[in-house]
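In what follows, structures are represented as structure tokens.
In what comes next, chain A is part of two complexes: it sits with chain B in the first one and with chain C in the second one.
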Partner chain A sequence: MEAAVGFKELTIGWASLLEAIRRKDIYVMLILSGIIIAVTGIFNAFDVPELRKFMMDVSLSIINVFTVIIAVLVSARQLPYELEHRTLYPMLAKPVGRFQFLMGKFVGTMGLSSAALFMFLAVASVVFVGFGTPLGGMFFQYMYLRWVSLFLICSMTLCLSLVLTHAANVTISLLLCMGASMFTRTVIIVHDSLSPWQQKLITAAYWIFPHLDLFDVSKRVIHGWLPAPSWTLAVMTLYALIYTGIFLGLGHLRFRRLPL
Partner chain B sequence: MRLWKKLLVGAACIALAAFAGMLSRKVEPALATTAGFGGEELHHASHSMPMTLLGQFRTNLDAYLWLKTIDYLHNGIAYRPYTTVERTKGMREHEHDIGGFAKHPCGGPTLIPPKEKDWRGVFGELERNLQPYRPGPARHSDPQELIPWYRIQTMINPLDVNAYATCAFFLTDFAKEPEKALAFLEEGIEKNPHSPVLHQAIGQLYFDKWKRYDQAIPCFQKAIAAGKEIQVRDEAQEKAFGDAYLFLARAYRERGELDAALRTAKEGMAECATNNLIRVIYRVIKKEIDENSPSNTTEPNGQQ
Partner chain C sequence: MRPVLETEHLRVVFKGSSGQKKIVAVDDLSLRVNQGEVVGFIGPNGAGKTTTIKVLMGFIFPTSGKAKVLGYEAGSKMAKSRTGYLPEVALYYPFMTAEEILRLYGRLQGIGKKELSELIPRLISRAGLSGFEQLRLKNFSRGMLQRVGLAQAIMGDPDLLVLDEVTSGLDPVGRRDLRNILKDFRSRGKTVFFSSHELSEVAKLCDRVILIDEGRVIQEKSMQEILEMEGKQGSLEDYFVEVVGHKVT
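Then we have the complex of A and B:
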């Protein structure tokens, strides 16, 4: 029974992937990968030493931004597209539950986002090695945490797509992903200047909002820091899975009650 | 579409691009513009909303890249200034000056608080382990790593004379490539012909690196002239203006023109009252003049 459920979800996920290929999303990724190569390729024009950090910085920044954008855009359109084009109904007429359908969509978006991420990372790795920059342990930790963060981003965007319009969902999801670091910095700086009840409020907000900034360890890679302790990776994985569970659970609650 | 048709379209596109390239070479001289904008053009530009927005975007991006250089200098560790509350408790940052115009505040606390001051519990612990963090005073990395960022800064905002000057300083003193620094500064002068900072930087390069005082003197003179034209000089301009007087006086002194050196130092003291180094060089030159004056020379019979 479990295997059959898994198979159905994978089938829906595979269908989402095929749909993305049909919509030529994969070509966008290839073009973006090409941009990474082009950007890193112009560094020779500077004719200055010590370009390793600079090259890694630009490449990893591009990867961070593009991966988040792709994950949000792909996840945000899955359910609204199915509802709008009424392709959801024949699917639900088959022995597929709404939760399985939601999970299938999550698997599909994760697959596509992961494919994009690893494509970017493969291109970046080739460029780094080509320029004589070794890929240390920290780079692989970066890859792993970036991938784990996709669970959180995809589930959050899927969940929000059930309660918000497409445009609002994309905007809010991107804000939560890109603004996480700014939010953390602001909270740290202003915390001690606030009144006690304001401090409680901001502390609660700090604990509730997903901390996507913690998954971005690109600075440690760029500046040649040693790999982070393994317990941090374990905690971050657990953190991402808990939030993924919460978002998918909330999404299911909403999807279950959605009048079709 | 069949393959041969696709290939034909591709070939036609390449031919068209090549033709356009050839055509642009022919048209280029006819479209050449003068280096400066006219008064009317500047007026329209200053009253155009898109131009203002683009200018603001350029300035912001330039400032972001400047912050990036500070980030590199500290190996990715973010420092912050003290808050108003902390300042009332007497906490103050101290400035680090590693030369050139790379003076920056990094004597403040790290943005990620230390464990004993962090209220975030496990999140704080995770951040200290996952982001660049080191307690204690800031340590600087190799400034050569900053050079590409300054170059991009000047590409985005060619009016950023401090980026030109600082990059030239790092190219000279850390990358040991004064020729490249000179070329870079000359590029800056092309874009900012009235900058005392860049004229002074070129003069100092001739003075310090190659001891070419004949070439350094006109640069310092241009820096002084440019500085005088500015009604209210900012910190960098004021420093360059004072240094131009100082090094002009020193260049004259090196050439043995002590009277000209003294005149320059005297004028420099009047123009830059707060620059103590000009006072010092003035006293040194005056002493040398006094020592060399005929009234001070000792006669063979021991009489003055």
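Then we have the complex of A and C:
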């Protein structure tokens, strides 16, 4: 029974993946980022260590930004597209539950975002190795944590797509993803200068909002840090999966009784 | 006889946006369709036909009352596994081909890979889409999409067919193909419940007619009864206009 459930989710996910591949707009982002990463690789030719760090910084920042954009844009359009174009009626008329449908969409967005991430990383790896920058253990931890963060980003955006308009969802999701580190820094700086109730409010927000900045260890890669202990990765994985579960659960609560 | 489709005092109320009043789409609607029947569900625009069908498929939830399909709660997986459904506005993934979309629905129906590879060419041929199986659906006309919809609805040989505005977009050949499919279903003891504004088609296809207006069942009559009615009502359209009191658009 479980295998059959997984199969249906994979089938729905496959349809989402096929759509993204055939729509072709994702290729523009992949080609553009590939070119930027490859061009920054030229800095290595000067054999200046600081320039090498700059090249890595630019490359990894591009990977961070573009994977987030792809994950958010793909996840944000899944359910609104189905609802707007009524393509979900024949799907949900088959013996498919609404949670299965939601999970199928999540599988599809994860599949596409993961494929994009690994393509970016493949290009970056070729450029780094090609210009004599070895890929250390930290780089692979960076890859893994970026991938784990996609679970959180895709589930959050899918969930928000059920309560917000498309434009609002994309804006808020991108702000939450890209502004996470800024928010954390701001909270730490302003906390003591706030009134007690403001402190409580901002502390609550600090603990409620997912800290996507924790999944970005690109600076450690650039500055040649040693890999973090494996328990750290386990905790981060658990953190991401808990939030993923919460977002998919909330999404299901909204979607299960949504009049279609 | 065993009811295949049943509603009891079904009521669906749509909440209006702030400041607007609620809309009662279906009001105390009770109906029953037995096994082996082909039943036409007719009524003027806004009568509540599509809303009722959406409740039966589990797309919207009744405000009160009950709806059962094949003895199961409407919208349950058990009910859906034996029901074929054609939506009112047939929209399918435009980036897929007819063959791909049927494969997708077949997988969701739980049909095996080997069985699907035999079934899909048969369905494509039966729906009159031979030669178009590799064409993406974005290039299909409305009538061709309706044929795709029909093919996915009859996939897996369901016990019940629920068809919303079934003749919409179909050309005369398509309508004849549809009639043949429905006759085949009836001859094998299957049940068909469909809505349509094409009353001449309804008259050709169904055993019984359920007429609704303003969310309520106005009348239920067998086609035989309608055809035998004396006097001014010589056709289903005359009967419809007489009962509902305004013209069909």
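Methods note: the second predicted complex is superposed on the first by the 244 of 260 C-alpha atoms of A that agree within 3 Å, B and C clash if a C-alpha of one lies under 4 Å from a C-alpha of the other, contacts with A are read in each partner's own complex, and residues count from 1 in each chain.
Just so it is clear, contacts are C-beta pairs under 8 Å (C-beta built on N, C-alpha and C of every residue); 3 or more make two chains touch, one makes a residue touch a chain.
Values in this document were obtained by computation on a predicted structure and should not be read as measured data.
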Task: Combined model on chain A: chain C and chain B, fit or clash - done: fit
Open item on the list: One more residue to check, A:His211. First (chain B), second (chain C), both or neither?
Closed with: first
Open item on the list: With both complexes superposed on chain A, which partner does A:Phe54 reach: first (chain B), second (chain C), both or neither?
Closed with: first
Open item on the list: Looking at A:Thr232, would you say it contacts chain B, chain C, both, or neither? Reply first, second, both or neither.
Closed with: first
TODO: Identify the partner contact of A:Pro196: answer first if only chain B is touched, second if only chain C is, both if each is, neither if none is.
DONE: neither
Open item on the list: Which partner chains sit in contact with A:Pro134 here, chain B, chain C, both or neither? Use first/second/both/neither.
Closed with: neither
Open item on the list: On the A-aligned overlay, A:Ile222 touches which partner chain: chain B = first, chain C = second, or both, or neither?
Closed with: first
TODO: Counting touched residues of chain A, say whether chain B or chain C comes out ahead.
DONE: B
Open item on the list: Touch test for A:Met91: chain B only (first), chain C only (second), both, or neither?
Closed with: second
- [ ] Determine the nearest approach in Å between the Cα atoms of chain B and those of chain C after overlaying the two structures.
- [x] 16
Open item on the list: Give the list of chain C residues in touch with chain A in this complex.
Closed with: 14, 54, 57-61, 77-78, 80-81, 83-85, 87, 89, 91-93, 95-96, 100, 104-105, 107-110, 149, 152
TODO: Spell out the part of chain A that touches chain C in their complex, as residue ranges.
DONE: 4, 7-8, 11-12, 14-15, 18-19, 22-23, 85-87, 89-97, 257, 259-260
- [ ] Would you pull the chain B residues touching chain A in the complex into a rising list?
- [x] 68, 72, 75-76, 78, 80, 83-86, 111-113, 119-120, 122-123, 126-127, 129-132, 141-142, 144-145, 147-149, 151, 171, 175, 180
Task: Of all residues in chain A, those that touch chain B in their complex - done: 43, 46-51, 53-54, 57, 145, 184-185, 188-193, 203, 206-207, 211, 214, 217, 219-220, 222-225, 228-229, 232, 235-236
